[in-house]
Amino acid sequence: MIRVGIVGCSGYTAIEAIRWLLRHPQAGIVAATSRQADGSCISQMHPELTERLSLEVEDLSPEQIAERCDIAFCCLPHAASAPIVAKILQAGKKVVDLSADYRLSSADLYEQWYGGTHPDPERLGTTPYGLPELFEEQISDATLVANPGCYPTSAILPLAPLLKAELIEAEPIVVDSKSGVSGAGRTPKMVNLYSEANESFIAYGVGTHRHQPEIIDILHRSTGAQVDLVFTPHLVPMDRGILSTIYVKVKGEQSANDLQTCLKDFYKTQPFVRIVDHLPATRNVTRTNFCDIAVRQHGGWMVLLSAIDNLTKGASGAAVQCMNVMYGFDQTLGLVDQ
Amino acid sequence: MIRVGIVGCSGYTAIEAIRWLLRHPQAGIVAATSRQADGSCISQMHPELTERLSLEVEDLSPEQIAERCDIAFCCLPHAASAPIVAKILQAGKKVVDLSADYRLSSADLYEQWYGGTHPDPERLGTTPYGLPELFEEQISDATLVANPGCYPTSAILPLAPLLKAELIEAEPIVVDSKSGVSGAGRTPKMVNLYSEANESFIAYGVGTHRHQPEIIDILHRSTGAQVDLVFTPHLVPMDRGILSTIYVKVKGEQSANDLQTCLKDFYKTQPFVRIVDHLPATRNVTRTNFCDIAVRQHGGWMVLLSAIDNLTKGASGAAVQCMNVMYGFDQTLGLVDQ
Amino acid sequence: MIRVGIVGCSGYTAIEAIRWLLRHPQAGIVAATSRQADGSCISQMHPELTERLSLEVEDLSPEQIAERCDIAFCCLPHAASAPIVAKILQAGKKVVDLSADYRLSSADLYEQWYGGTHPDPERLGTTPYGLPELFEEQISDATLVANPGCYPTSAILPLAPLLKAELIEAEPIVVDSKSGVSGAGRTPKMVNLYSEANESFIAYGVGTHRHQPEIIDILHRSTGAQVDLVFTPHLVPMDRGILSTIYVKVKGEQSANDLQTCLKDFYKTQPFVRIVDHLPATRNVTRTNFCDIAVRQHGGWMVLLSAIDNLTKGASGAAVQCMNVMYGFDQTLGLVDQ
Amino acid sequence: MIRVGIVGCSGYTAIEAIRWLLRHPQAGIVAATSRQADGSCISQMHPELTERLSLEVEDLSPEQIAERCDIAFCCLPHAASAPIVAKILQAGKKVVDLSADYRLSSADLYEQWYGGTHPDPERLGTTPYGLPELFEEQISDATLVANPGCYPTSAILPLAPLLKAELIEAEPIVVDSKSGVSGAGRTPKMVNLYSEANESFIAYGVGTHRHQPEIIDILHRSTGAQVDLVFTPHLVPMDRGILSTIYVKVKGEQSANDLQTCLKDFYKTQPFVRIVDHLPATRNVTRTNFCDIAVRQHGGWMVLLSAIDNLTKGASGAAVQCMNVMYGFDQTLGLVDQ
């Protein structure tokens, strides 16, 4: 039984990780940490866990976490995460880091988009990006995995195989993404109040969202392509789900069918990517680790559509999937019916 | 043209009052105050007002407000409101107070439910409760009106005529009320985040909600009846609307029809109460000042159902209606079509 | 491996049963029937099943179903269900009937509330009601189980122990219930359109809903008490979940604590009933088979609050739970984490 | 007082037109027609109209409509509308047609996208498109106006001035649009059920939606530009509102500021287009006739964002606006606060 610690257990990615880990036959949650720890049980913080997980929330040091666990799921904000991750690694334990701290390839890029000096720059560039569909080998050897961003997962999975196979142009690529509100986190902000987000639809972070460089960086890392890509995130009045509508131009005479065949072929051994004929709906992937992808032709454009659950495949489901790979389990262990 | 000031303009009742006042043919908004005032226009705070209301948000003293306006709509929290109201009245201007400060009949009752000493106890008991359907005469003579609570409006309007006519017993009365989330206000709290309130239904404040004594007090004031009433509020994942399901016992052989006739008769000259044959839906009163009421028999019980928009008839629409009565206008001026 | 057939596989209870059965370690879905069968795969009807369940939807006779399966989950409308159930039983196989056909104790009661003659009256009165919390022994011996209605589950679980222990009066009992829209089924009707149900809250079936006699009948069967109970269902703009707010009077001097203790004691070996200290939220039981129950005092009343997922504990989760009992498995098999 | 008839009064555009017309000081609704007419009042069909509009729904012939009204708002489906419109015009009365029948410039284009022969081809090409912001003069002289589609309104208003001023390229243009569910109409279909549309986000009609040729045709008619444009509509789980995210390339060295200045200048006398600095939210235009537009630069792209209420500026508000122009009233009469 793998002993798992949840570092920063108060938010939505943490509770989602806990839900999946409770179903996992080879993992047990042995610690949950929070700076708000007051000696009470985690079911005070997340009442749905009543009688399901009896565990005190504690304010543990990285060393204490390392002592207690085999692997830590770090659910902390960026910048706060890296120093703690570094110490847990130093103590010889594994980490899946759900923050953005280890996703980018260089400290320069990090500093340009996140500001400030990176707390642990040596590990950038060598830490695998937690998409087993693209980096399975690196993940299987790793002690640290950078869990992907939610939008990037929805953009990279449909684009990478097509870029690699040189079926589409590296520009223009327009990624128009729409996410449920849980992506905004659990910290109270006016803009995320029910009466603000409900019955409204908005774009945000136009031209400035940090997932844009992540998409470009990882596409480069996985395919060699240097794409010129515009990315716009939007907020949908629903809990969960991301749908990305991606506009690309094909090279030569490729048809929608050709692109679909390429994707099917690329992902034929991957259990969580479904190349579907129907138009993807976020509803169909809710509370699953699947990514549904479809292709449509539209005049001179190809339109790629991808749907994930932002908290599962876009966060904590992917983290469990990475853990499975790190421990040599089947990718799907605890994540699908069997 | 009546000059209106909005005191405490950042919240939902304030913006709702502004929306209605912009439509009012005899009123103009001349001031909007907030302690967060930073010299910017009110459309920064409420972007929907862009090009509709060009007014700087200011941090004005009660005296400055009184100087500028004929009547103030006070949209402040309870306890914060009374001291300011008192000063505006002292300066000779009118006030509709949307807080709870002047609703109850006695300082004792206020202190029991709201804690602390009432800042302006002399006006309790003499300030009319802003339901023109029950207190039109007092409101027409008043300089200060206590705007009703949202739940109380939905409970008092169906109950008062039946208690007055002694068609129903004073106990048991069960008031099971359900409200949209805007009733919780615009201050960021975790429980009101989209991802907490959405796709969930909860009761809250069971046995402790301050609208219970308000309902009992005002039913007594308007009918003489001393009811024994249990009230439970619930939160519905929607923006606006309250539906109250009220269970009562009839005296003698009264039928649902008799109760309906009594209500129709009582409200026959009242423009905003509709006694309907169909089951009320909050949708049918959204963004209107109507209260829809229906009656159904169910075994030995009568079930009264009432629907209002919590921000309109339950708050700012009622405030405009009171203003109309205070100035001798038709109750409906600016509040309905034509 | 138990071979399960889903009879009537197009609706919401069917897909929910499929979801749970896919996780069940001892059950496999071997048939899915529908009169709309056109030779296509079940993932055409329910796209979320793509690559998860490869099964043709067929228009099978009861005899064919019996031949293929060990147990059938009948997800048909009332009146349509009983004739098919009878034939599957006759062929020697087990059935969990999710319709209302076998829930009531007598054909008279059925005819009074559902109209028409009952198609299989002999089995009424002897078919166990599928709440293992109350009828575990009967269910364990049964070949047919009447799966409970969603509202009745939320009302019976909190009431039965308190009536049995004679801690509360048999009248008055007010059950004010609120359900997500999935309870209305998947057949297109105007009232269930998104743009009708969204941002609205309504009561329906006031005084006429068929779950009222079911609650009264089963409370009598399980406790001997003949209650006088008023039940009002409401529609909440959300997918899933039922919250019931139940108003009762205690006998003698019972406190909220006494009632809570009685409930805790009664359900101490039951894995799916959680007596909680906090106020239940439907969110906390979403996509689980739990029923959360709390007690509050409020003047002379006790308020019981119970929350379930209407499609899980209120329908298909309960059906799997019954199957577990019928086969001697642990109640929780396939239904909770481990 | 202008006598208005609502032809086809059961759907969402009809009730929205009625709401606005009830507020209009110069218009009165004198007839409401439906093939489902059964002698009952329109408030049976739309309960929110109880005590607000006392009018029998009738099954009137076009000739009877023409006799009764000065102007008809035709809220019928495409193909059903044109024959009735033609007869009302023939009888000498005015029409605003809310269907798609008269929007396109040629019968060929109509037949290509809508199938079948156009019932009244002579009027194509000469009927003005009901965007007063672009075609005010033609509308003011017209007896028939083709009310714009909802998506086209949100796309044409930001694009037309920039194409006319030749600040942007005619291709590539990517229009990624998101609409609330009311756009799908009131006819019961499974896909529009609450439990299907809620908590999901989907694209639909990718590459095949009829609003694409409408956008291209009207942009050509209003600016002379022949654009190459890809348009993808999506369904958002909310009642009302459209947000369009539009990706364009500038000619030469234009900045976001230059584009914003061009738009501000173009619309400076237009009361319903607001060029805003903040990112538009559909919430800010809900139940108003405004179109909010913003511009952002993003690498080599310009991103235009526009928000409207699909039922108001995208349908019935625009129809009232057109009526105002046809009668020489101020565009805003009955549509904004004053």
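We just call them A, B, C and D in the order they show up, numbering each chain from 1.
One rule holds for everything that comes next: a residue touches a chain if its C-beta (ideal position, glycine included) is under 8 Å from a C-beta of that chain, and two chains touch if they have at least 3 such contacts.
Computed from a predicted structure; not experimentally measured.
Engineer: Between B-D and B-C, which chain pair shares more contacting C-beta pairs?
Structural biologist: Higher contact count goes to B-C.
Engineer: Which chain has its C-alpha centroid farthest away from the centroid of subunit B?
Structural biologist: A
Engineer: Using the average of all C-alpha atoms in each chain as its centre, how far is it in Å between subunit B and subunit C?
Structural biologist: So the centre of subunit B lies 39 Å away from the centre of subunit C.
Engineer: Using CA atom averages as chain centres, what separation in Å is found between subunit B and subunit D?
Structural biologist: Each chain reduced to its C-alpha mean, subunit B and subunit D end up 36 Å apart.
Engineer: Show the residues in subunit C shared as contacts by 2 or more other chains, in ascending order.
Structural biologist: Each of 180, 196, 198-199, 237-239, 281, 283, 286 in subunit C touches at least two other chains.
Engineer: Tell me, which parts of subunit B touch subunit C in their complex?
Structural biologist: 172, 174, 176, 178, 180, 196, 198-204, 206-207, 228, 230, 232, 234, 236-241, 243, 245, 247, 279-283, 286, 296-301, 303, 305, 307
Engineer: Across the complex, what residues on subunit A touch subunit C?
Structural biologist: It comes out as residues 22-23, 47-48, 50-52, 199, 274, 276, 278, 281, 283-288, 292, 336-337.
Engineer: Enumerate the contact residues on subunit C facing subunit D in the complex.
Structural biologist: 12, 180-182, 184, 186, 188-190, 192-199, 237-239
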